[in-house]
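Mind having a look at this structure? Questions to follow.
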Amino acid sequence: MSSSASLQSIVDEIVAAMAAETERGKVATYIPGLACVSPAHFGMAVITADGALAAGGDATMPFSIQSVSKVFALTMALGKVGDQLWQRVGREPSGNAFNSIVQLEVEHGIPRNPFINAGALVVADVNLSGHMPRESIGELIRFIRFLADDETIVVDDAVARGEAETGYRNIALANYMRAFGNIHNAVELVLGCYFHQCAIAMSCVQLARAGRFLMLDGRQPEGGCVISPRRARRINALMLTCGHYDASGDFAFRIGIPGKSGVGGGILAVVPGKASIAVWSPGLNESGNSHLGTLALERLAQATGWSVFSARA
Amino acid sequence: MSSSASLQSIVDEIVAAMAAETERGKVATYIPGLACVSPAHFGMAVITADGALAAGGDATMPFSIQSVSKVFALTMALGKVGDQLWQRVGREPSGNAFNSIVQLEVEHGIPRNPFINAGALVVADVNLSGHMPRESIGELIRFIRFLADDETIVVDDAVARGEAETGYRNIALANYMRAFGNIHNAVELVLGCYFHQCAIAMSCVQLARAGRFLMLDGRQPEGGCVISPRRARRINALMLTCGHYDASGDFAFRIGIPGKSGVGGGILAVVPGKASIAVWSPGLNESGNSHLGTLALERLAQATGWSVFSARA
Amino acid sequence: MSSSASLQSIVDEIVAAMAAETERGKVATYIPGLACVSPAHFGMAVITADGALAAGGDATMPFSIQSVSKVFALTMALGKVGDQLWQRVGREPSGNAFNSIVQLEVEHGIPRNPFINAGALVVADVNLSGHMPRESIGELIRFIRFLADDETIVVDDAVARGEAETGYRNIALANYMRAFGNIHNAVELVLGCYFHQCAIAMSCVQLARAGRFLMLDGRQPEGGCVISPRRARRINALMLTCGHYDASGDFAFRIGIPGKSGVGGGILAVVPGKASIAVWSPGLNESGNSHLGTLALERLAQATGWSVFSARA
Amino acid sequence: MSSSASLQSIVDEIVAAMAAETERGKVATYIPGLACVSPAHFGMAVITADGALAAGGDATMPFSIQSVSKVFALTMALGKVGDQLWQRVGREPSGNAFNSIVQLEVEHGIPRNPFINAGALVVADVNLSGHMPRESIGELIRFIRFLADDETIVVDDAVARGEAETGYRNIALANYMRAFGNIHNAVELVLGCYFHQCAIAMSCVQLARAGRFLMLDGRQPEGGCVISPRRARRINALMLTCGHYDASGDFAFRIGIPGKSGVGGGILAVVPGKASIAVWSPGLNESGNSHLGTLALERLAQATGWSVFSARA
C-alpha cells in the first residue's frame, strides 16, 4: 500500500461496506446529547506520514470524542509533571469493566492506567493543579487546537451538562480516590474538568490531524516537537494495551494498531511512521467500543497491511 | 542501527554492563532444579532478519525455558484446532498475578489468555487431544527442534519431576477448569504434558533461532511457511499484551517489544521484520520476570531504536 | 445469676478490670470530634428485663454512638416501608471490610445488610423519603428519646460537620448506589441525614435504655408496643450476624449475644428476655470494634451465663 | 408450647402442609446417588430437652447427610487439637458461594469458616492426622453412632464413589490450600476422608438424636459430657452465622435457630435448652438448602415460638 490514491479507494470501499451493514451496535443512552445521535453515521479519515488525507462518509461531522480525550489529557499531564505521574496511576491493563471501582479498593486508590475513568480523573486532577476548571479545560482545548491546527474545535456544553447530571459513578470514583489521598483538588472541580474534556466535539478529520504527532515520534508534520520520541512510543504502547476498555487485548489481537475509543463512537488509531486514523460510528459493541469503527479499522489493517506486529510494514 | 558488526558491539556492551550489576533479582526456589542455578549467569542472542547472529555471555548454556514454552505450545494448538481455540481461552490481559484462580471463578472456567498458567493448561489439553503425554510432548519437542533447526533440544527430566512434585496450584487450576468442563483429558495427563513442556531446556541461541518465524511473518528463514502472516501477527500481539504476567503493560510501556518470559529467567522477544532475541538471567524481579533480562532488553531497544511503537523503525 | 445486687458487683469487677488494662486499642482519628476522646474512658450499663439497672465507670458520659445509630434508623425505616425494605438491602453478612465498595459492584448496588455503611445509607434514604434532612433527623432523635425516655439526647453538631468534611468514602458509596438507582433522594441530603445520625451523642445508660424494646420482644417496659415480636427477633438476628463489621462471626462465636458497635467505641448488646447492655470505651481493635467494650461483654457473658446459644439461660 | 402431645400435632400439621406443596425445589444432580432421590420425600424429627420425640413423614428413611457431617467432624477435630484449629480456619461468614475459591487466594489459604467446603477439608485434614482414611472415617462414624446411640449408621459407598469421581472443585480446593501449606496430609487421603464423611447416611430421627448434645450444653441426655458448655455454645454460634452457605444470614433472620444444611436435603437445627431437630426433603432452593426443610423449620419456629432471639422462650 503506497499511493494516497489507492488509500482513498480503500477508504471509499470501507465507507460503502459500512453503509451496507445492518448490525450497527447500540448508541450510548446515558446522556441525552449522545442518545439522540443516529447510528446511521459513519465517518473515516486517514492521514499518512507524508501528509496525504483520505477521508469518507461523515468525516467532517463533529461528534463527542469522550474517552478519546484521555490521550490528549495524558499528554498534557506528562508535560506538566513528567514521569512523576506514574506514582499516582499505573500502566497495566485493567482486566475489568471500564467503570470498575473494585480494583481501586484492592490497590489503594491507584488506578491501573490513565485510560480507565479513574485514571483519567487523576490525570484531570494533575492538569487542574490549582487552577480553575475554566483555565484547565481552556488549556486542553488550546492544546488540541494546536495539534489539529484547527481553531474551531470546542466543547459541547449540552453534553458536558449531561455528564455532570448523570455521572454518579464518576463522582463515586473521584470521592473514593480522594479518600485514599489520590485526588488533590476539590472533587467538584476535577469532575468539572473531566466532564468538559469528555464533551469536546471533533470530526474525524480533526481527530486524525490531532493524532499526527503520535505517528511521527512526537513531532508535528511542520517540524515542531510536541513530545520526545520516547514519550510518543510510550503513549502508543498504552493505547495498545489499555485503549479499548476490557477489549484491549482483543483489539490488539485482531487489528494490531494502537488506538483509543470513546463511548461517543469515535476511535483514534495510530500506525507509527505510517498513519493517523480516526473513525466514527455511534453504535457500540458489547465492550463499549464503536461497532462499525472497529470493523472499519480491521478492514483497513487488512487492506494496507498496517500492524505494529507485522514484518512487512 | 544497521550492520551486524555494530549489533555485536551493542550486545558486548550490554553483557559487560549486566556483569557489573550487583542487584540481580531472586532465583525461583520452588523447584530444586531451578533453585540451584547461579544468579551470576547472563546470556543474550540476537538474530536479525537477514540471518546475522550477535551473541554474548552465557548464550549457549541451556536453561529451563518454563513459560516461554507457552508460545510454541500455543502455535502448535492453533495448528490443530485453529480459531476454535478461542472458545476455550480468552485474549485479554489478566490484571492478576500469574497463578490467580480468582478470575476463573468469575469467568466460568475460561482463562483470560493462553499465557497465564490456566490458559496454558487448556492449550496443553488441546495439544494432548486423546494421545498419550509422551506423544504430545514429543510432538512439541520436534516442533521446537524444527523451528530452531537443532536436534539437541531436550526436556530436563529432573526439572519436570520437580514441577510435578510441587505444582499444587497448577493441579488446583486444572481440576477447577475440569469442574467447568474446560479440561477434556484426564487431569493427570494434562499436567504431565504441562510440567514436561515447562522443563524444556534451551540456550539463548537456540531460543532466538526458534523464534525467527515470529519476526518473519510466520516464515522460516529458509523459506518454509510455519504459520500464516496473520497468525504470526496475532501471536506477537498476545506476547505484547500478555507475555509478562502482571507486568505486561509495564514491559510494553518501557520496552515496546513483544516478548514472553519464564520463571527460569529466560525471555524471548520479537521485533517483527527486524530481530528475534533471547536473553537469560535467572534472577527474577518482583513481577516474576528476569531482572537483568528485562534491563538488557530495555538497553537493546534504546541502542537500536527497536520498538513496535516507533516511527523510525 | 439472679439478683441485681450480684449483677452490680459483676459490673463493678469488670469496671475495675478494664481500668487496669494497659492495652486499650486505638481511638478513631478520622474526625477531630472523635480523635480528641481519651482512651482512658470506660463505661457500662446493664438493664435487666425486670427494670433493674447496674452501671459503672463513665456510664453517664455521652459519646458519639456512630454506627450504633443504624439499629434505631433500621427500626424506623421498617416502620415506614415494612419488608419492602429488603428489596433494596440484603440480610447477609458482608465478608468484607466495613467500608467496602467491591460487593456493591458485584451485586448491582444492593448492599449486603443494613449495618454496613452502604446499607445504612439506603436506610437513611428510606427514612428521608421526600422530607428535608432536618425533619428526618428530628424524627429519628424523637424516636430514640422516646425509646430511652430521655429528652436530653442530642446530635453533636461538631462531629456531624467532621463527618461531612472527611466522609469521601461514604460520598462515593452513595453516588455509586445512586448510579444503580438504589438511592432515590439527592445524594447530599441522604449524606446529611447519615452524618447527623452518626453524630448522635448518648451515654451508656441512655443507650441501654433505648435498647430495652429489643430485649422485650418489641415492647417498652411500660407496656407500649414499639414493633412486633417477629421484627424484634429479626433485628436481633441481624445484630448477631452483621453487627460487628467483618468480626461479626468472631463476636457471635466468643460472646454469643446480638450487638451493634460503632467507631465511637460504643456497643449496644441485647440478651433477649434478660438484658439490654451498653458499653463504651473509645479505643478500637483491628476490626474497628471497641477493644475494652468487647472484652467487657465477654466477661459479662461468662459471669452471667448470658448467651443466646446456651441451654442454661 | 409445652407438651409433647401438642408438639406431635404441630409436626403432623407441618408434614401435611409439606406434602401439599407443589414447589419442592431441585434435587442435586452432580452425583448419581443423590440425583435419583425423589423430591416427594419429606421427613421431620424433633427431640425435646426432656427426651420426648415427635416425628412424621419419612423420618426414619436414611438420606445422605452431606455437609451436615461438618458439624460432627468439627466437634471431633476440636477434641483433637482444641482452639489451635482456629489458626488454620476462620470463624466468619463467607459472603460467597459455598464452593468459592476466591476468598482462599485473598486470605492466603485460610478458609473463612469450618462449614464451607475448604474449611471442612482442613477439618478433615486435622482429623486424619497421620492415620489412614479408613481409620479416620471409622472414628467419625463411631462418634456419630455414639451421639445418636445407634449402631446402624453407615457410609453409603456408592455416594462416596460418586463424590470422588466428580469432585473436581474439592480436589482443586484441597490442592490450592496444600500450595499454601494449609493441608498437611496427602491430598488424596484428605479427599478420601471428606468424600466418605459426606456420604454418611442417616434418618431424621438418627440425626436429631445425634444433635442432642448441642441442645444440652455439650452433655448427652444420659448425662455424659461430650464437650464443654462453652464449646457447645460456640458450635451453635457457628451454625447460626455460617450454617447455610450464602443464605446463613437469611436463615438466621427468618428462623432464628442455629442449623446446618447439606445438599442431600437434610438440615440439623438446634434450639439450645429446648430441642434438637432434623428435617429432610431432597429438593433444594437457589441457595442450595432444602426448600421444604427450610419452610418446615420456619413453620415450626412460628408455632413453637422457638428462636434464640426471642424473649418468650
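A, B, C and D label the chains in the order they appear, each numbered from 1.
By our rule, a residue touches a chain if its C-beta (ideal position, glycine included) is under 8 Å from a C-beta of that chain, and two chains touch if they have at least 3 such contacts.
If you're wondering where the values come from, they're calculated on a predicted model, not measured in any experiment.
Hopping across touching chains, the smallest step count from chain A to chain D is 2.
When each chain is reduced to the average of its Cα atoms, A sits farthest from chain D. Over half of the residue numbers at the interface between copies chain B and chain D are found on both sides, making the touching surfaces mostly the same.
Per-chain CA centroids place chain A at a distance of 32 Å from chain B. A separation of 48 Å divides the Cα centre of chain A from that of chain C.
Inter-chain centre distance (chain B to chain C, centres taken as mean C-alpha positions): 56 Å. The residues of chain B never reach two or more other chains; the list is empty. Inter-chain contacts, as defined above, occur between A-B, A-C, B-D, C-D.
Of all the residues in chain D, the ones that touch chain C in their complex are 49, 90-96, 103, 112-113, 215-217, 229, 232-234, 236-238, 240-242, 246-250, 252-254, 256, 258, 272-274, 307-313. Note for the complex: chain B touches chain D at residues 100-102, 105-106, 168-169, 171-176, 178-179, 187.
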